[in-house]
């Protein structure tokens, strides 16, 4: 039971990863495959971020630097919090995975845009975005080209 | 953090992750692409909320503007140009993919036993470099937002790469969709019964406000969540809103596609240029401590910004400011280019091309 | 040629050379995207690629003099900051990328005019330079996550560039899409693997990672990280069962991109994999050795046999050569699987040789494609008569591919076979021999058609390639010959690189 | 404590919306669910800022509201005009249908 | 004073959350698109207003209040506009309201009289 509690996030990541991969491999529709790819890539975000969470931590924007307002807020909204750690002693979550995942999300949207653009061109050129139909069109074209005099 | 808040945080974590699983399963199951896109947009809202629970507001910000915003709009544009329904796949064709996914999943499950417990502050991931950033960022960089400090300075080279990836996407989409048959972009006769005065007025008010907000996000990035990337996407969303309401022709008249492409390239030049300036001033690439020449550095009173014991804060400050500007330029211009690419094509133009 | 004696740049410049080799093509790409005309874009591309190659040469000389170079970015020492870390191996691969990139940039002037719409030229050049910068960065970086970023920098533009081949051959579009899907899955697998290693070590710097992995041999997360990294880079490197994207992308993309990718893209990924295999993972980790022996070697052998056979039966010339590339990757992995310094250095040398010869072959085909838009093998009947120089250059590349003595390919192949014999792996020797025979079969078919067959009546007549193509083409072919006689330059770097990896291993 | 109750209520509402988004027989049901889900997410994020003592996160809630607005317009154009490029006309014709 | 504000704000937040839950239940249980839109849009704006008001009472007065106000304005803009556009699009595509039709309604026991009030009772 406690193993589930400590590794629940990873189990979910695995499920999402499998779902994304399954869509990419099983679907013949190019758009659907791109959606699967986006799902697959986003699961890595969950994976990294899960590493970086520190229980009882807070976002790595240092409170003391937000000046009097930050202190006042921290004291007003959660007095126990400040009483326990003080504004100086607040525990922060690990910022490094956040930075990495920012990059990964950007890469993901870049891939999505380029992939969908290519899919649109495929549709313009072949009249379809289904792999099977594209293959069929290609095969017919190849057979027509073959008995060239 | 108090115990009830801690428990609430974990409960939120579990609840949101379960939502993600349900949504992913639905995406697998549905054949309608529009439904899949809508579900993915909800997915990305949930995952952004989850990121907030995980104390990653910067990432949540990005996921929100990218996943729920740009990706959804781009995907809608794509299915307008292709089709909205996927062909049914017979179960026989799903066996091998299922096995492959199962294999990967099995490997991951096997590997989980070696992963640290969730939330463990002493895990290797949280104790080595990550902890070091929290301790040194204030001293080295002076920005309260450690994520910005790491993103802009410690791992600024990664961010340069990320900006270049965005430029590559801009080039890729422009190569694919930026030329060839275009939509006529003529104003429509107007569907009967439509009068969108409210929307038009609202949009007219909102566009400058959104850009103002983007600038706030841009310059607030070292103090709170946000930064060049998020601001760039928000600015692009303002332009996209303009195009959606007033039509693509009006928008391209204001911001021509060529100009957008040029700005995207210039953004990377700004970013890499900062690095080169640092080299010229005798430092390494992107070493902002050498961004300002010693003469300028000497004119700045000590302790004006950040830690008075560390003299180079102004270099870091301006360095991060400049590269964030480069990121803003590239990202906003690229998102606009991508939108132009997808929105500017129409099925009719394509059909005409095919008939020819 | 003694590399140590090469002082090709001022010391101050040499100190910054690693980053300039990456940054100059990056800025060049932006300049090319802003260029007013295709011609200006072409000139920017040539200059930027040339500067990058020059810097790579300066780095190579410095590495031979000083050993491994560390370059800290942002002034932060690793592991907090990102550092470039160039060893002799990396210097060699970057040099290959720089050289092929420069020649390809020169070649692009004529090739693009024939294959891509004129208004796209500037963007095309920009994408090409981005790919080059990304690959050099991938090779130089010492940070595992930074490598992912550069993997994507080099790939994302490339997907669209491959797809831009649709003007001549619309199958480029589905091929590019396939490439995108497979490439992204590969890169994502790599990220997952790096994530596991990060979770186990808390660092992203490869050297730091290696130091901290030392005691974690039995950790399941480390093993899974290893598997994901190898599988992910295997996709990018076209490791045998994961190579599905390669033939389509090479066969249908524009000539420029086929040539550049075939010569460099898989090499950069293989190099990164080698670094993980031999540098990052713990010495003598049971799973590492097991992988080399029981996975990499059989897959390499299967690639050699199966893909050579596919090349023999392929109908289209470029597809044939693309399959041959997968088979050659198999040769390289066979060299790796020997797990000793001589095998690794031979494999590195083979990578260089293969890069040069494949570049020459694809460039020759690109030169011919300017006059005849041919795809099938038969269409090339008798081109040697119309375009003798192009055909001869192609022939030299092909001879090197087979392993004819006096070419670079011969030396490379012989070194791997020698290392296999020395390591007592007779079966690897046998597979290599069989692969060479199969190579001879398909290369023989091509040569027969090109040189000894009459052109079909009524078929479009080939023309000799323009000078702008011939010069880089003959330089490439000449390099294949020159290094076949005096291989000291690549040899030195390969041996030094392999030795530096293995001397740290007990 | 009251904030926790508010968060719990929103989570329940969001779960119900997800059920509708997954089942939702027509696309309109899904869009409705997605849109309403977006609103609840905005509220949840704003509330979470209070729960964890960082109300500065309101920026993100604001962005969500904004994105929700733009996405809704995009969806509407998708259904009504099958095009993202056409302007929304002012003088459409007779009033009434959307009054 | 601060205490009173805390309780009032918290109460408003809980009330808003309850309204959201009720709306969601309506969206789940109502028989056709139009009734669901009705449930969602009303409770969205209402719930948001209550909750944001509550949050405004909890936090200090200043930039945060302004942001809350902006969020509120956005929701008030989006939600009705979206509901309107959605209903319009659904009607245009041929969906017809089902209220009042016993055959289609099945388990829903609303009478044909006063469909609006039936919906409201449920919410």
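Order of writing sets the labels: A, B, C, D and E. Residues in every chain begin at 1.
As a convention for this text, a contact is a pair of C-beta atoms (placed from the backbone, for glycine too) under 8 Å apart; a residue touches a chain by one contact, two chains touch by 3 or more.
All of these numbers come straight from a predicted model, not from anything done at the bench.
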Minimum number of chain-to-chain touching steps separating chain A from chain C: 1
Components of the interchain contact network lacking chain D: one piece
Pair of chains ranked first by number of touching C-beta pairs: A-B
Rounded Å distance, chain C centre to chain D centre (Cα mean): 48
Chain centre separation (chain A, chain D; CA means) in Å: 21
Distance between the centres, which are taken as Cα means, of chain E and chain B, whole angstrom: 31
Centroid spacing, where centroids are CA-atom means, of chain D and chain E in whole angstrom: 11
Residues of chain C whose C-beta touches two or more other chains: 145, 149, 152, 156, 159-160, 163, 198-199, 204
For chain A, residues that touch 2 or more chains besides their own: 17, 21, 24, 30, 51, 58-59, 61, 66, 73, 77-78, 81, 96-97, 100, 103, 107, 110-111, 114, 117-119, 121
Numbers and ranges of chain D residues touching at least 2 other chains: 1, 7, 14, 31, 33, 50, 52, 54-57, 59, 62, 66, 68-69, 73, 80, 97-98
Complex contact set, residues of chain C against chain A: 145, 148-149, 152, 156, 159-160, 163, 166, 170-171, 173-174, 176-177, 180-181, 184-185, 187-188, 191-192, 195, 198-199, 204, 458
Residues of chain D defined as touching chain A within the complex: 50, 52-57
Residues on chain B engaged by chain E in the complex (per definition of touch): 198-199, 202
Chain B - residues contacting chain C, complex: 107-108, 110-116, 123-130, 132-133, 136, 140, 153-158, 160-162, 164-165, 167-169, 171-176, 178-179, 261-262, 264-266, 268-269, 272-273, 275-276, 279, 283-290
Complex contacts: residues of chain A adjacent to chain D: 58-59, 61, 66, 73-74, 77-78, 81
